[in-house]
Every structure is written in structure tokens, then in C-alpha cells.
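Shared between the two complexes below is chain A, which has chain B as its partner in the first and chain C in the second.
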Partner chain A sequence: MNSPSTQYVTPRRLGIYEPIHQMSTWVENFKSNGNPNTSAPIIVESEDTSHGSQGPFCKYEQEASKPFDKIQRRLAQNREAARKSRLRKKAYVQQLETSRLKLVQLEQELDRARQQGLYVGSGVEGVHMGFSGTVNSAFEMEYGHWLEEQSRQICELRNALQAHIGDVELRILVDAGMSHYFELFRMKTTAAKADVFYVMSGMWKTPAERFFFWIGGFRPSELLKVLVPQLEPLTEQQLIDVCNLRQSCQQAEDALSQGMDKLQQTLAETVAAGQLAEVGYNPRTGTAMDKLEALVSFVSQADHLRQETLQQMSRILTTRQAARGLLALGEYFLRLRALSSLWANRPREPT
Partner chain B sequence: MQQAIPYKSWQPFDPLSHSSVSTSSKRAVRGPSINTTDVVSSMVSENAVIVFAKRGCCMSHVVKRLLLGLGANPCVYEVDEGDDEARVLDALEMIVNNNNSNGSHDDRDRQKVQFPAVFIGGKLFGGLDRIMATHITGELIPVLKEAKALWL
Partner chain C sequence: MDKVTRLASEKGVVIFSKSSCCLCYAVNILFQELGVHPMVYEIDQDPEGKEMEKALMRMGCNAPVPAVFISGQLVGSTNEVMSLHLSGNLIPLLKPYQPFS
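Right after this comes the complex of A and B.
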């Protein structure tokens, strides 16, 4: 039972809910009293409680003649307002949480991209899911490291050429540079086996590089066109050899391109002939999935061609020329990447 | 570019076999179900350059286009999946190993044959890898000329 003495409300704690809590406590007590006309003094919480500067004890309401309904209505409104306020706060906090998570993710992406010197396309990263996604991000990280090592080697080559070091030391640098490219081809083969479309998409490269993409990488013939002007003067024999190499390269490229066209055509036929349930089976050409597997060998053959072309070039050239060639190649791709960054940061019309 | 002179117009060894004509100008022949080994050996020995490949394989298409682009006119033997494939592989391997080991069958030296397989001048040359590599180094054309697959 209630004591007839003044009832306390609990000491104010932080937060705007307490008055309401105190209110309900008060209301319970009031109800349990049963008689609105009791003379026992009751505490009525003032509605102006937001500043918290008031003490828990407010008006000393003696008059029991105040209409019960009005009080009840006011209390109900307060309860309602408090409830809405609580809900709003909950929603706001949830929003904050999701934004925070998103921020962390964005920061990670940015970090990764900055590491690799890539321009990260909008929304690309989030699409990859499942095993492929894991392997692809692993590949991207590896590629990031590869790019760092590449930059370091380019600097070393540049310094070495300017310092006019001997052929023996230069040969070591050239061999290292070549091995580095071969390492990339190995990485790509592994990645292609896991997700060939990803490697072929070129999304792991910058936009400007992607513009020149051919079956998962650069065109060997383009490479020669870029290199040769940087390597002059060449001997007669070298000129002939380079010319032959350019021609063979072009022929091999054309053969591979035609093979790719054929693959596209066959795949289209297979898918067109199939039922929705089996996604393409053509008795003459087999299943569509087999065709997709062939893509892996195309990437492999294209990389093989790149490797052979690089090796043949290094056979034709002297050590010093090969060093200059590798430097020129590295700087060419660096410039392409810089172009991509420029383009990414171009001033855009405010929408 | 001048049209390459076909080395030989090949007639089916077994009158019972039927040849399926491919869309390209070369002849694509379907091997008969009997005497696959004999058919295969005669094809290998009679053609300067012949490509054995699975039907519809796009890699074999690459080999074909490359050889055609050089002026060689390769004969193409298209193999079906299943038994035919196994039989032809066996036949090819026998040919290869007979050539290599002069009749003695040493398991260690048995070379595995994979499709697409290119035979030049009666001997196994290799797959697409080897064709590409030798073409880049410039070794392929002399080999083709020596086997009389190229006349220019």
C-alpha cells in the first residue's frame, strides 16, 4: 500500500525518458490509489523536463478537482510522444550503423585502389560474390603487388641506363624484368581457371589500358609498334628480324582472333539451340559449358603468344637495347595508367 | 595472297567411309569405324601437313587459320567424341612411338598425343603451343617448306 506521505519519483538519471517513466510510475501509483479525491499529496511531473535542470519534485498538486480526463489525455499524449521519439532515435541509430559499415568498406576499397594505382569503377567491387569473388580479389591484390614491383624495377632500369652500368649487370636487370612479366602470365592463368570472364573483362586494369585490351591483355603487335621506335638505331639484320617478328605476331594474333570469333559463333548457336532448362546443348557442338571452358585456353594461348614475342625480342636485341625496350614498355603502361587517373578525375558538369 | 597449291587430293582409304564436307575449302574426313589405324597412318604419311582435332574445337580452328594464312593447305581430320577419339589417339600414339623408338616399345618414351595434333612431313610436330612458338621464332616456315607444304 502506499504511504500517505509524499511520493518520490526516482532520482533523475540522464535521458529524456525518465520523466515519462516517472510519469507511468506515478500513474500506477495514482491508479492504485483508486480514488482521485484522495488527499494524499501527489507529485505531478512538469512537462517542461527537457533541460534536466529541474528537480524531480515539481508542482505539488493538491486539487483533486482537476478533471481526471484532461490529465489522462495529457499523459497519453506524452506517452505517445515519448514512444515516437524512441522510435525515431532507433531509426537514426540504425542509419548511423549502416553508414558506418559502408564507410569502412569504402575506405578499404580506396586503400586497395590507391595501393594498386588503379581507378576503381563505381560499384564494381561489390558485385563479386562467392568463391570467384574471393579468388578475384586475391588476384587483384597480387596484381597490386606486381604493379609495385614493376614500378620499382622500372626505376632501377632507368637509373641503371643513366648510370651506364656494364652489360653483365644490365643483363640481370633485363632477365628480372622478363621473369616479372612471365610471373604475371602465370598469375593470369591461375585466375582464368577460376573465373575466365573476370580476366577477360579487364576490370583489373585501368580504363585506358582496357581500351586496348585483346584476349585478356595487351596486343603483342601493338607492343612491337610501341617498342621499335624507342630502340633505334638497329642493325640491318635486326631490322629484318623485327619485321619478320611483327609479321608472325600479326598472323598469330589474327588466327587467335578468328578462333575467338568461331567460339562466339558456336556458343551462340549452342545457346540458341538449347532449351531453357539445359542452357544450350547442340548435338553437333556439345554443351555451352564446354565452350566456355575453351575460353580459358584462349587466354592461355594469348599469354603464351605475349611471352614468346617478348622472348624473341630479347633474342634479337642486344642487352642494352633490351633494357631500353623494357623501360619503354614499362613507361608506356605507366603513362596509360596516368591517363586513366586523369580521365577519372576530369571535371564534370554538376548534375 | 596466292592460293596455295593443294598437296594432294585425298581419296578415302575405305570405300565404305563417307566424308563430311566442312565449310572451309579443305577436306574434313570422317574416319571409318574399322581400320582406323591404317586410315590414320596413310593420312599421316600421304599429307605434308595434317591436323587431327576434335570436331567443333575452336583451337583447331586457330591452327587451321594460321597454317592457311601462311599459304599451307592443311588436311584436317575431325574426330568425334567418344570411341572415335580414343581410337584415333591410340593410332596416333602408335605412329609417334614407332617413329621415335624404331620399333621398341619403351613405356618411358611413349609420347602422349593431345588434340589438336599437327603432323608435318609424316612426323608429329606438336600442338598449338608449339606451332605458335615456332612461328614466332621463325622456325615454322622452313619446316613447312621442307615438308613441301609450302611452295613459295
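Right after this comes the complex of A and C.
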């Protein structure tokens, strides 16, 4: 691009804020011309001489054929973008620094706790002390395997239903699916006996799943609400049976929930009265430790309710419906877990 | 044990419980929801409580309480009651003891 006329460049902040591509354009042109274009001297009137990195050449020679305002606007936008980029980087670095400090703090706390031989909270592989911690990390690993197997079974069910395989083979898949859930309940019983608070906390599940938590797992009546619409059409008798099951389930849940409330209340009373363990034992109300033991039975009963609900549904439905039901259930939990990931990775404004 | 059997037959629906047991409370709530008013016997307040506990275990209960008897027959503990209810077989057993509605 040769500019035959003289260009006056009004003062702006040039130099260090110039975008790279304009430089390279100039460089290309310089190479192709062999000499810088000297036929049109450029007069640069710059009041601001503090930006020392401004080079002797002026890029506007190349842009002379373009509208002047457009160039200025683009330059301003680039400057703004560069400024924002620097701010974001600064914020990010600050975040990293804070996190690093936090990490150091946590490591120190961990060391202190280890030295005192206390149980350190779960969720991190290999950083456990004490019996409970060991069992919980074992449970989390087992649960990880359980989830993998669950995914595999869901895929198998989906393919089987699409391929319209026979009832006999489908039954095998359904039975496997049911057994798989029962296996989870067994795992939970073991974990609950070691650390009932851990199982009840739901820390081994994703946040969205935890939102729906009821005594250590999913609510059976919710399960029915999710499943039934996916199973239609149902016969008259099936509808009646499902309706009855839903009602019994709800009643059983209510009873257990009220029992839990009572447990909370009496636990609060024993703690307030200072009856934590055998010292100051009141045989009528029991100790706080006794109450915590009772929690284990509640989790056990809740799991039993889940198991019974699944079994009853399996009894009410045909093999094909049961397969569809298991698929729907598996996909529902998969989506909940996906939702948790989506939420965790949602874009956040830089602070 | 005679005492347990005798008490179990005293009313249509009998629950052997302990006053500190919240699971027993939950089972009682369930029966109330179904319109039945069980007789709740707190064995920890009975001087012969320990023997009663042993007797209940001998009869086949995993945990001594709650132990549920309907029409004088041992139904079982929480597990059995819940299973029966979800399978729709509890209410028929309670029919004679539900007030006419």
C-alpha cells in the first residue's frame, strides 16, 4: 500500500499499545517494497512523548487508504481488550496466590491432626487416618467401581431395549440391575456401621444428588414419581398396585422421618443435659452415644425401604417395563451427576 | 415367656418398645397413620425387662425392640413391618382393628 499524500496523525497514545498484526503488516510491506515508502513523509505530531517504546516508523503509512476513524476505533478497542486481559490475568494470579496459601494452611492442619491421631475428613484419596477414614476411602473407591458398572449396565439395557431382545434375556439384565442396587445397599450398611455420619452426609455423592438426599440416599417415593410416567401404558391393575405402593411408601417414609425428628430432639436433650457417654447416665433417655447408634438403624431401615420399593416395582411390572424402569432410573441419576458437573464448571465473572 | 405371650394377646396390635428407642416410635407412628392404636409396652420400664428382651430374641427377633404382634402373633421387627406394608399385606392384618370409617 503506497500513500502518495501526506498524513497527519493526531496525537494518541501510540507505541506500546499497538496490536501486533499491524506491525507485521508493516513488516510485510517493508519487505515487499524493499525500501520504506519515502515519497510521502509522515508527520507525527505527538504531544505524549513519554511512551518511549514508540518506534521511528509509523504504521499509519500502511493504513492511509482506510478511513481514519475506523482505525482509531479499532485501536481503541484493542487497547480496551488488552487492558481487560491484563485485569483478568491479575485477578487470576491473585486467586492462585490465595489458593496456594490456603493449601499450605490445610497441609499444616492435616499434619497437626495426623500427629494427634484424629480422623481426618474423607473425600481425598490416600489422606486418611484412623479406622473410619480408612473404611470411608475404601467405600469411595468401591462406589467408584459401582458407578462404572452402573454405566455399563445402563448402556447394555439401552442397547437391549432398542434391539428388541426377548424377555428371557431381558429378565437376566433386569435381575442384574436389581442385584447391583442391592449390592450398593450392602456396601452402605458396612460403611454406616463404621461411620454413619459419613453415609448420612452424602459427601460420597455429587451436590445435585445430595440436594435430594433423605436418610443416606434417594427418597423411594421420589423414585416412583420419576419412574411411573416413563412406564406408561400400565394396565388397570398395575395402576392400582403402583398407586398403593406409592401410598405405602409415603407412609413408611413419613414414619421414619418422624422417628428421625424424635431422634434429633432427644439427642439435643441429652447433649444439653451433658449426658454424652456413661458419665451422668440417665437410663430413661439413654446417652448421646446410644442415640448415634440408633442412627445406624435408621439408615439401615431407609435402605431397606429403597430395596423393598425396587422389589415391589419389579413384581408389579412386566419384564420389559422393569427394564425400561431401570434404564430410566439409571439415566435420571446420570443426569443428576451431569448437572453437578455443569454447575461446578459454570463460567464465573472474574472478581 | 408367659408374660410376653400374655401381653401380646392383650390387644389386637401390640408393640414391645423401649422408651429411648426412636425406631419404635417410628413404627408406632406408622400404625397411627393407618388408623390403628397399638398398645405400646416399654420393656425398659418393666422390672422383668431383661427376661422379656431375651424371650423376644428367642422368638426370632433380630433386635428385641420394636417387636410387633398382631392378633397375638409375632409379625417381627421394623424390617418385617415395612416389607409387609409395601407389599400391601399389612393393612389386611389390621382390618379387624381399624375403627369403622
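As a convention for this text, the second predicted complex is superposed on the first by the 213 of 351 C-alpha atoms of A that agree within 3 Å, B and C clash if a C-alpha of one lies under 4 Å from a C-alpha of the other, contacts with A are read in each partner's own complex, and residues count from 1 in each chain.
By definition in this document, contacts are C-beta pairs under 8 Å (C-beta built on N, C-alpha and C of every residue); 3 or more make two chains touch, one makes a residue touch a chain.
Note that the coordinates shown come from a computational prediction; the quantities given were computed from them, not determined experimentally.
Chemist: Looking at the superposed three-chain arrangement on chain A, would you call chain B and chain C a clash or a fit?
Modeler: Aligned on chain A, chain C clashes with chain B.
Chemist: Identify the partner contact of A:A255: answer first if only chain B is touched, second if only chain C is, both if each is, neither if none is.
Modeler: In the superposition, A:A255 contacts both chain B and chain C.
Chemist: For A:T189, decide between first (touching chain B), second (touching chain C), both and neither.
Modeler: neither
Chemist: For A:T266 in the superposed arrangement: first (chain B), second (chain C), both or neither?
Modeler: A:T266: touches chain B and chain C.
Chemist: State whether A:Q230 touches chain B only (first), chain C only (second), both chains, or neither.
Modeler: Touch status of A:Q230: no partner.
Chemist: Who does A:Q238 touch here: chain B (first), chain C (second), both, or neither?
Modeler: Neither partner.
Chemist: When the two structures are overlaid on chain A, which partner does A:Q153 contact: first (chain B), second (chain C), both, or neither?
Modeler: So A:Q153 meets neither chain B nor chain C here.
Chemist: Let me check the overlay on chain A: which residues of chain A are in contact with chain B and also with chain C?
Modeler: 241, 244-245, 248-249, 251-252, 254-256, 258-260, 262-263, 266, 284-286, 291, 294, 297-298, 301, 304-305, 308-309, 312
Chemist: Provide the residue numbers of chain C that touch chain A in the complex, in ascending order.
Modeler: 19-23, 25-27, 29-30, 33-34, 44, 63, 78-79, 82-83, 85-88, 90
Chemist: Which stretch or stretches of chain A touch chain C in the complex?
Modeler: 241, 244-245, 248-249, 251-252, 254-256, 258-260, 262-263, 266, 283-286, 290-291, 294, 297-298, 301, 304-305, 308-309, 312
Chemist: Contact residues on chain A for chain B in the complex?
Modeler: Result: residues 241, 244-245, 248-249, 251-252, 254-256, 258-260, 262-263, 266, 284-286, 291, 294, 297-298, 301, 304-305, 308-309, 312, 315 of chain A touch chain B.
Chemist: Help me check something: in the complex, which residues belonging to chain B touch chain A?
Modeler: Residues in contact with chain A: 55-59, 61-63, 65-66, 69-70, 81, 128-129, 132-133, 135-138.
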